[in-house]
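Some structures are shown below for you to check.
Here chain A shows up in two complexes: once beside chain B, once beside chain C.
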Partner chain A sequence: MTKVFNSVVCTICGCLCDDLEVTVENNEIVKMKNGCAVCEAKMVHGYKSEERILKPHVRKDGKLVPVTMDEAIHKAAQILTDAKYPLLFGWTSSASETQHVGVELAEELGSALDNCCSVCHGPSVMATQEIGIPTATLGQIRHRADLIVYWACNPWSSHPRHVERYTAFTDGRFEKSEFKDYVQKLKAKSGQKKVAAAIRRTRVRYQPPPRPQTALVEAPPQTLAKDGRRMVVFDVMKTMTAEVADYFVQVEPNRDYEIFGALRCLVNDQELDVDTVGGVPVDYLKEIADVMVNAEFGAIFFGLGLTQSVGRFRNVELAIALTRDLNRKTKFVVSPMRGHFNVTGANTVFAWQTGYPFALDFSQGYPQYNPGEFTAIDLLRRGDNDATLVISADPGAHFPKGAMQNMVKHPLITINPDWNAISRLGDVVFPTQWCGIEQGGTAYRMDSVAITLKKVVEAPKGVPSDEEIVKRILEEVKVIKANKAEKEDTGKQVLQETAAPKKRGSKTLKKEL
Partner chain B sequence: MITLTPKRTFTVPIQAACINVDVFTGKTLQEIKNLSITEGKETITLNDAFDITEDKTIETPNITLTGDFSKVKRIGQGMKTGEIVINGDAGMHTGEKLSGGKIVVNGNSGGWTGSEMKKGLIEIHGNSGDYTASPYRGTSTGMRGGLIIVDGDVGTDVGCYMQGGLIKINGSAGRYLGFHMLDGTIYVGKDCSIRAGACMTGGKIIINGAVELLMPTFTIDSVKPKVKIDATQIAQGPFYVFLGDIAEHGTGKIFALKATNPTLSNYEKYL
Partner chain C sequence: MVEQKLRVTLITGRTIEQGVGKEMGKGSPEYFDSAAVCFLDPVDIKRLGLKSGANVKVTSPYGSVIVKAKRYTRGTMSGMVFMPCGLWANSVCGSNTDSIGMPTFRGFTVEVEPAPDMPVLTLDELLKQEFGK
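What follows is the complex of A and B.
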């Protein structure tokens, strides 16, 4: 039976494109419209992987053995209750409903709680806490922005529909798409190639004009001052996005902070004592500052190149400070390019539940927050925790060696749909449904807009949702703790009773007398 | 004097803000042994984790900690009087919010040592971690007074949002030294990494070694033969004096030793 679902939400990146048209035949996705290549790879092919976990497993004598769900739940709850300081990590590819239960579990266990944003855009959240953030929804940027700046990110590869749906190549209410210009540019480029080929054919050696050796950056083109949408890319290498842009500024690695500082001075009409900053001549920066100030509505999008290079949240802080300075002269907004589809949701849910977005610790009975102290990698590197639960994440493939070595020293519980690197290392391995394909829920787009995910196919039999697994672990933990408390109480009573007979004996003696 | 020695090697962090002269004063040894601390999520007594002995013949230091205390956090938090000596490494948040007294660490110290401190003295005879004398996340009030002396190197983000007092580092300093500094003095005996004094609006940073890279948002002011560290100490120059951070309209000063910073001679043309 064929069924077509409209307005299905893609669960890959923070764009959460909600215009997919999915065709389902015999409980299997066979066709998809509107999605990007990455989306198709997961939603049409990837989710049917042969590496799918279909049963819970527990490690016995060094080997993972299939067990019943009850046994796995009990084992996981026992590990977490016995541990002095467990860590619960992941959450960003789960629905917000699961994250909500996760906070309750962490509170019940007195554990550390962290999500994947500590290795992606956590620094953006920290910078926001330091200085605030002037931002806007993607809808507003789509309709109004006439200057788009992509800083240290490559959406053409990482968020393939970002440019097409929200920025340069979309028709907004007040700003037109630049796609035609891009096509013309492509044609012109292919024309240039033809000319070069013709020159080669006539065996005349083609010598390109000499380039200045001092700077990697070319001078800003005159088209940067045109009306309509313009796109500027700052990055350390010429990415796909840079190819599309009107102007590409190649900066030296780890020098974004200095460039932001210099731009701030130039926007505030101050002189600099230096000639180049981060490999970019100050004269070019002056022209860029002019373009920024003269824009009617500018938007800066920044990626992991800022948050995970030297300086981390300080880089983002200065990006926000630049936006703040620009807002004195024109309208400017800044927005992080969030990665996992619900990493913004993890921050939002944790923040509304506990007051803090990530890097949490419940060991004192109340939430404490300190990135660097309670963030997963720092905690694991120091070897502070003695059990780990990983849900909807794969630190096995992405964490540093030292952190992983410490993680696998202690019991490890994993909740993931397929056999990825971390599942293979687990001591208790749970199967789960694909969020947004086999299970609905709520997710937050990169601009903190809540979007409802759709369920389009049924999960394999016996595979529960991650929300259900976390709920069951929570219930089991409560039962184990209650039993433990009861045992302690009865132990105390026995002690009292063993001490009491003498008194009772004396009383009864008195009565008898 | 009360002496604490760990009974075992700790695997999970211990939060022990009660290791504090103000808390110990007026308590019997048994009462001190019964003070509660947390090991991971579990609440235990001080006696469960440490061997505690009392020597009534010695008055100062009031508390001596002997052994590896690198997993023990918040030693001497908010202390007002007295002296703690740690013969070994100290954990995070040592001497946080210190408002008097003295803490001596004969080893290395963890992150956030002397965070938000107001008064008193912290001496570290080893290295100190990141965020030494820097405030809690999102707080814009850093160290307000007192003195921190570090014999070794310090990590990144030292002396952020500093509002007074002196940090004397005899070794090298990491990135973002004196970030958003408002007042006070930081002295670095050796080299300093990038972005020193970023966003500073007041105070002074004296660098007696090489500056890896000066922020472009600093402008040269003059060359000075010497500069005052505190009432008793003077650093001999000559020093390049830079003013900034001009992006924040700041008037903070960075003194960089001329002899060790030949790359900064480019700025001399603006004098």
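What follows is the complex of A and C.
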């Protein structure tokens, strides 16, 4: 039986594109329209691949052996209650309902709780706490923005439909798509190549135009001052997004902070005494500052190039400060390019539950927040935690080796739909449903807009949702703790009873002495 | 002149191929082909006397890994090496966070040298080598 689902939400990146058309035949997705290449890889091929986990597994004698769900739940709960200081990490590819239960589990265990934000936009969150953030929803940007700046990010690869749905290549109410211009630019480029090839064929000695002193950056094109949408990309290397842009500024690695500082000076009508900043000539920066000030509605999107480079959250702080300065002269907004589809949700849920968005600790019985101390990488680097639960994330492939080596020294519980790197390393491995394919729920887009996920196929038999698994672990933890407390009480009573004759014995001993 | 070793700045990040590969499955050939690679400027590839697709050893203070070197033709990136996010890139990334929680993923110096006799390990082989599981 064929069924077509409309307005299905893609669960890959923070764009949460909600216009997919999914065709299901015999409980299997056979076709998908409107999605990007990554979305198609997941929704048409990946979710039903041979890498799927269908049964819970427990490591016995070094090998993962299939076990019943009850056994796996009990084993996981036992590991977590036996541990002095477990870490619960991941949560960003789960629905917000699961994240909510996760906070309760962390509180019950007195554990550390962190989400993938700490290794992507954690510094952005910290910068926002420092200085605030003038931002807008993607809908506002789509309809109004006439200047788009992508800084240290490559949405063409990481958020493939961002440009098409929300910025330069979309038709908004007040701004039109620049896709036709882009096609014309491609044609012109192809023409230039043909001319160059013709010159080579006629053996005329072709003298290329002299390159500027800073070979990496070309002068701003005249089209930067055109009407309509313009796109500027700042990055350390020319990516596909940079090729699409009107102007690409190649910056030297780790020098974003200085360029932001220079741009702030120029926007605030101050002079600079240097010729270049971060590999970019100041004359070019002046032109960019002019373009920014003259824009009617500008939007800066920044990526991990800022949060992972030297300066980390200070880079983001200056990006926000630049936006604040620009807002004195025109309208400007700034927004992080969030990665996992519900990483914003993890921050939101943790924040409304505990007051803090990530890097949490419950060891004192109440939530504490301190990035650098309770962030997953720091806990692992120092070897503070003695058990880890990883849910809907793959630190096995995305954490530095040193941190991972400490993680696998202790028991590791994983909850993921497929055999990714962390599942292969797990000691207790749970299967779970694909969020947004086999289970619904709520997720937050990168601009903090809540979107309801759709369920389009039934999960394989016996594969529960991650929310159900976490709930069952939580219940089992409560039971184990209650039993433990009961045993301790009985132990105390026995001790009191046995301690009494001892006292008598000591008195008798004194008398004898 | 061919050089034995290049000192370059490591940049890690996403590529669309790596994105497709990871969604096809971490054990899939698509993931291996897209993540167990590094991209160098054609000039740097020439300086090492390599051909595109040759095996190279990337070494940092935190570890080393063998990957395939590919030419980056989209633009100039001399003095830099780009590695797509994944297990191979993270074998050379550091766990130091400068007390912020964010590890050292990019912007530090690594050495790249030809490694014609050393194989590029698959995901399972690399997990076994690094973590013993």
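In the analysis below, the second predicted complex is superposed on the first by the 492 of 513 C-alpha atoms of A that agree within 3 Å, B and C clash if a C-alpha of one lies under 4 Å from a C-alpha of the other, contacts with A are read in each partner's own complex, and residues count from 1 in each chain.
Definition applied: a contact is a pair of C-beta atoms (placed from the backbone, for glycine too) under 8 Å apart; a residue touches a chain by one contact, two chains touch by 3 or more.
Please read all numbers here as calculations on a predicted model, not as lab measurements.
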Fit or clash - chain C, chain B, common chain A: fit
Superposed model, chain A: greater residue contact from chain B or chain C: C
First (chain B), second (chain C), both or neither touched by A:Thr239: second
Touching partner for A:Val38 - first (chain B), second (chain C), both, neither: second
Touched partner set for A:Gly122, first chain B, second chain C, both or neither: second
Which of chain B and chain C A:Gly372 touches, first, second, both or neither: both
Touched partner set for A:Gln433, first chain B, second chain C, both or neither: neither
Touching partner for A:Gly305 - first (chain B), second (chain C), both, neither: second
Partner chain in contact with A:Asn154 - chain B first, chain C second, else both or neither: second
First, second, both or neither for A:Gly396, with chain B first and chain C second: second
Partner chain in contact with A:Ser49 - chain B first, chain C second, else both or neither: second
Minimum C-alpha spacing, chains overlaid - chain B and chain C, in Å: 6
Interface residues of chain A shared between complexes with chain B and chain C: 126, 310, 371-373
Touch list for chain A against partner chain B, complex: 83-85, 109-111, 126, 129-130, 257-258, 261-262, 264-265, 268, 270-274, 277, 310-311, 314, 318, 321, 325, 362-364, 369-373, 383-386
Residue ranges of chain B touching chain A (in the complex, touch as defined): 11-13, 15, 38-42, 71, 92, 111-112, 130-131, 136-138, 175-176, 179, 194-195, 198-199, 213, 215-220, 245-247, 266-267, 270
Residue numbers on chain C that touch chain A, as the complex places them: 9, 11-16, 18-28, 30, 62-63, 72, 74-77, 80, 82, 85-87, 90-107, 123-124, 127, 130-133
Complex contact set, residues of chain A against chain C: 12, 37-38, 41-42, 45-46, 49-51, 62, 118-119, 122-123, 126, 154, 156-158, 160, 215-216, 236-240, 242-243, 248, 250, 253-254, 304-305, 307-310, 312-313, 358-359, 371-373, 375-378, 380-381, 394, 396-405, 408, 418-421, 424-425
